[in-house]
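Paired with subunit B in one complex and with subunit C in the other, subunit A is shared by the two complexes that follow.
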Partner chain A sequence: MRKPLLICRRELRAMCGGPLAYVLGAIFLLLTGYFFYSDLALFVLVGGANPTRGLWRFVFLDYRLVALLVVPLLTMRLFAEERKLGTLELLWTYPVRDRDVLAGKFLAALVVYLAMVASTAVGPCILYLLHPFAAGPLLAGYFGMALLGVAFVACGIAASTVTENQVVSAMLTYGVLVFSWFATWNEAAIGERIAPFLLQLSLFDHFYGFAQGVIDSRDVVYLLAFAALFLFLALRALGARAWQGV
Partner chain B sequence: MRRPVLLLGVQIAAVTAILGCVLALAALHPKRLDLTPERRFTLSPYTREILGRLSDDVRVTLFYSSQAGAMRREMADLLALYRETQPRIQVRLYDLDRSPGIAKRLGVSSYNTAVIEAGARREEVDLVNEESMTAALLAAAGTPPVPTYFVVGHGEHDPRDDDERRGASQAARALAAEGFEVRVLEGAAAVPADAGLVIVAGPTRDLRSAEIDALTAWVRDGGKAVVLVDPATPAGVASLVGRFGVELAGDLVVDERARLFGTDGLSARVAYLNQTLFPDAPEVHALLPEAQSLRVLDVPGVTADYLAMTADSTWADVDRRAPDGDPAFRPGRDRRGPLPVATFARVSVPGREGTEGRLVVIGDSDFVTNLHLNVLGNRDLLLTTAELVARADALAAARPAAPIGGVFSPLTLTAREARLVFWGAVVAPSGLLALAALAMARRRRYA
Partner chain C sequence: MIEARHLTKRFGGRTAIEDVSLRVAPGEVVGFLGPNGAGKTTTIRILAGVFPPSEGQGLVDGHDVVHAPLEARRRLGYAPERPALYQEMTVIGLLEFAAAMKDAARPRAAVGVAIEQAGLAEVRSRQIGTLSKGFRQRIGLALALVGDPPVLLLDEPTAGLDPEQNAETRRLIRQLGTAHAVLVSSHALAEVEAMCDRVVILHRGRVLSAEPPARLAARLRPSSRVDVEAAAPAEALATALAAVPGVRRVDLISQSNGHARCRVEVEPGHDARAALAARVTASGWGLLTLAPVETSLEESFLALVGAEDDR
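Moving on, here comes the complex of A and B:
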């Protein structure tokens, strides 16, 4: 367990040593802050009587989109950059296993993502101080955002292991994540037989309950299974160098 | 090269299959943690009780719009809860535009409509929420509806009246949702033969003696009635309930300790329901805005018992001074709680074994008005009482929470507060990080 933590610390230092994490964080907070403010304004004006349905649901569905935008940019460099600079081979000369490296980098990206998500709580906290509200739906929403982050980061890190081009890595992640959203975007466009199956696989349909203040074990298991699959694929992609002669 | 690729394919297939099994297991044993304050995604004990009583297979067909995915999901989630609770319920979802044949057969022409079929009975639900779904299930697969007559003409609360302070239209709707067919009876001189329940909700003018005699005869013949009586009840109404062993104390219950914020403490809270009559009764903390206490007397052929009591901290102002000021309890004159505020009388019918008349008397009528019905447990008290009187097997479990009414946001922000949110949530956090990014870039440039 110590090696992944050491790699995580090294990765965090590398991220925080450059402007990328700060720029991404600033954009993330600007967008989520703007969505929170505009959703709140809409709720105050025409949102109806139920904060869970009229405010938090829209806030978290908007936060979800911002996470979709930012996480691939956060994960794109994790392996692709090291592969391009040749530092990955250097890392492999140390007595660490692939899974240690993968776990360390995954943890580092997740920590940065969670820090960004936690920072968005400033808006709800200010609102709570002004007008106290039931915190349950908010906690469910943030729990969903954390799980969604686990899934996104796992997908992004898997994409980063298969290429040395950061743009390709980001686009691969966007491709998978956006497809998992658009697959059920318009149910009229997909067959009635396929629709229930696709709905079961839709990443964003499994987030919907969290945004409404409900934690469903099926959604939790799905998001963790999604992450587990991509982490496994990432591990296999890293292991491929053994039989590719890299 | 070929073998590793094959091995990789097998590994991926195996992991995918394992994860698929995990997902299937999770789907078979779902658990939900509903963190919404109104527990929107948990079926109420009342609905679960009704579902538990279903003995026939029920088919629910929902017609949705594929363009309104969010609404479809909400309705599908709700129906899934019904199916999980009662496997006899079969749920089918159809896109209305793609299934015009089935829609036509079921007579549906609008989106977001559910049809409930149980044998030959069929009910249509236009607004798919727990309250309407459960009501429709009760109508389609539950016990037959009870014709319920509200007596009017003597200043009673009228089930047709939408007035906020006096009207009882919301009470009528709540009863209708539980299988009571609400109708109005102008005067009680002749009780209709099909009446399953008669409600006299707070008359302010006296009933004629013929009406009192007709109601008395009807209850003695096995009829079911609920009489709601405010502290200054007309004498004829007092004599009507007196014939069934209920004496109106004519006092005013004061409940200072349980007073709601902003009220004067004259509202009496129901602290206990009679556990003998309601073995599994929930805590029905009904709030009776201006109640009098009742006493049970011995009357031949009538078995009367207390139905609801107030807390120990209440007391009865026997001279009804309370509205005029802030009166204190007078030892030796006023009476200390707990005070009975509702009674239940069973009247044996000579020569008809197994048939009995039933009468509930509650010492307040304002709790059924549109203003008070959704306060605390008032709605539950009315519905539970109606069930107890009209049906042998009362449904006493807690009802689903009343939908939060109104379209106006409960939140009002001043311009200053909105500015605080904007600067605090939008500008400050992102601005700080942007400054950090600039500082980092500068440090790198000069490093």
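Moving on, here comes the complex of A and C:
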């Protein structure tokens, strides 16, 4: 457990040493802050009585978009940059397993993401002080955001292992994540037979429950399985040096 | 102890190295020579645990690099050809990270020693991205040295250094060679000659020869040559020199206002310099220059590689 933490700490320091994490954090807070404000304004305007259906649902579906925008940029450099600098090669000669390197980097990106998500709680906290509400659905939504982050980061880190170009890495992540969202966008286009099947596989459909304050074990399992799949692919991509070279 | 046993590595259909075997004992510096693309880096990467061989076995201090990778890697220090450095870290920060990653017993002390050895004391707190190429090369070396592993794999450690830093690095490697098993690759033969006990020559993925540099040089240099310049008529000088015992042939290189310069080729192992000098003075000419001509190892190396290609 020591090696992943060492990698994670180095990674966090590297992120804090450069502007990217701050820019991403600022944009994340700006967008989530704006969405929270506008969703709240709408909720007040239509005079809703049920904050779960009328407010949190919209807030989390909007936050989801911001996470989609920011996470690929957060994960793009994790392996791509090391591959480009050649530091990955050196890392491979240290007494550390690939999975520990992967775990450390995954943890680092997740920590930054969770810090961003956690800081959006300021708005709901102020609202709670002014107008107390049932906190359960809100917490379920944040739990969903955390799980969504796990899935997004896993996907992003896998994309980062296959290239030394950070833009390619980010674009691959966008491609996979956006496709898994839009795949079920138009149910008419995909036909009645495949639609239910595709809906089961759609990443974002598995987030609706959380947004509405419901924690469904199927959704939890799905998001974790999605993350596990991409972490597995990332490990395979790192192992490809055996036949591909460095 | 470094041991490569019949290493073969294929990438797809391309064979990078084939049946490469070598051994480096503790207290020995072995030079790994070959033109670019010969497979030096591939061999070193296999031994460093970057990727496994397709066939054969690599051992670091007796630990198989494939089957006991962590044990093997704990015992080695690797400096890749292009120093791999996190630009945003400080020198000491990076070395501390490396020491911890390599399970160094006392990381702090290990970092101090590596900084001292690689001559990085003055830049220890500087950010790596701001340092010159020479310093980066030395940080690469320090990364290999940190934790004092018994086995060192250095891939072209002097590439990109100025002559002074180059000499310093050679000295350091020589000194490290007294206690470590060091495999150092290079394509500059003079450098290898200066710091290695033995040379392994790799060409197109195969080992061509493995012997001490002096013997290699002796074998590759079929004869020795001496330049003789005298205040004498050219023809007469050439004739006189050709009559000296042990001289194979004499070529006139230049002549001007009563001076002549000849290149004399002497039988191998025969030092004819005294006899040549005596002959010149006995003829009543003034001896101006008597200088042995070094065959560069580059020439010899090309001859060896050429002979292999012709086969």
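By definition in this document, the second predicted complex is superposed on the first by the 245 of 246 C-alpha atoms of A that agree within 3 Å, B and C clash if a C-alpha of one lies under 4 Å from a C-alpha of the other, contacts with A are read in each partner's own complex, and residues count from 1 in each chain.
What we mean here is this: a residue touches a chain if its C-beta (ideal position, glycine included) is under 8 Å from a C-beta of that chain, and two chains touch if they have at least 3 such contacts.
Nothing here was measured: the structure is a model prediction, and the numbers come from that model.
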>> After the alignment on subunit A, I want to confirm one thing: do subunit B and subunit C clash, or do they fit together?
In response: fit
> Counting only touches as set out at the top, which of subunit B and subunit C does A:Arg236 meet: first, second, both, neither?
Replying inline: first
>> Looking at A:Ala41, would you say it contacts subunit B, subunit C, both, or neither? Reply first, second, both or neither.
In response: first
> For the combined three-chain view, what is the angle at the C-alpha centre of subunit A formed with the C-alpha centres of subunit B and subunit C, to the nearest 10°?
Replying inline: 160
>> Between subunit B and subunit C, whom does A:Gly213 touch in the aligned arrangement: first, second, both, or neither?
In response: first
>> Let me test your reading of the model: by the given contact rule, A:Ile27 touches which partner, first (subunit B), second (subunit C), both or neither?
In response: first
> Who wins on subunit A residues touched, subunit B or subunit C?
Replying inline: B
> So, does A:Gly18 touch the first partner subunit B, the second partner subunit C, both, or neither?
Replying inline: both
>> Looking at A:Leu130, would you say it contacts subunit B, subunit C, both, or neither? Reply first, second, both or neither.
In response: first
> Touching A:Ala115, do we find subunit B (first), subunit C (second), both, or neither?
Replying inline: neither
>> Taking the superposition on A as described, I'd like to know which of subunit B and subunit C A:Val178 touches: first, second, both or neither.
In response: neither
> Quick one: smallest Cα-Cα gap between subunit B and subunit C in the superposed arrangement, Å?
Replying inline: 5
>> Quick check on my understanding: which residues of subunit A belong to both its subunit B contact set and its subunit C contact set?
In response: 17-18, 243
>> List the residues on subunit B that touch subunit A in their complex, please.
In response: 1, 4, 8, 11-12, 15-16, 19, 22-23, 26-27, 29-38, 40-41, 66-67, 69-70, 72-73, 77, 95, 97-98, 404-413, 417-418, 420-422, 424-431, 433-434, 436-438, 440-441, 444
>> Could you list, by residue number, the parts of subunit A that touch subunit B in their complex?
In response: 17-19, 22-23, 25-27, 29-30, 33-34, 36-37, 40-41, 43-52, 54-55, 119-120, 122-123, 126-127, 130-131, 134, 136-137, 139-140, 184, 186-188, 192, 205, 208-209, 212-218, 221-222, 225, 228-229, 232-233, 236, 240, 243
> Mind pulling up the subunit A residues that touch subunit C in the complex?
Replying inline: 2-3, 6, 10, 13-14, 17-18, 85-97, 241-246
>> Under the definition above, what is the set of subunit C residues touching subunit A in their complex?
In response: 11-12, 16, 42, 45, 48-52, 69-71, 73-74, 76, 78, 80, 82-89, 93, 97-98, 100-103, 143
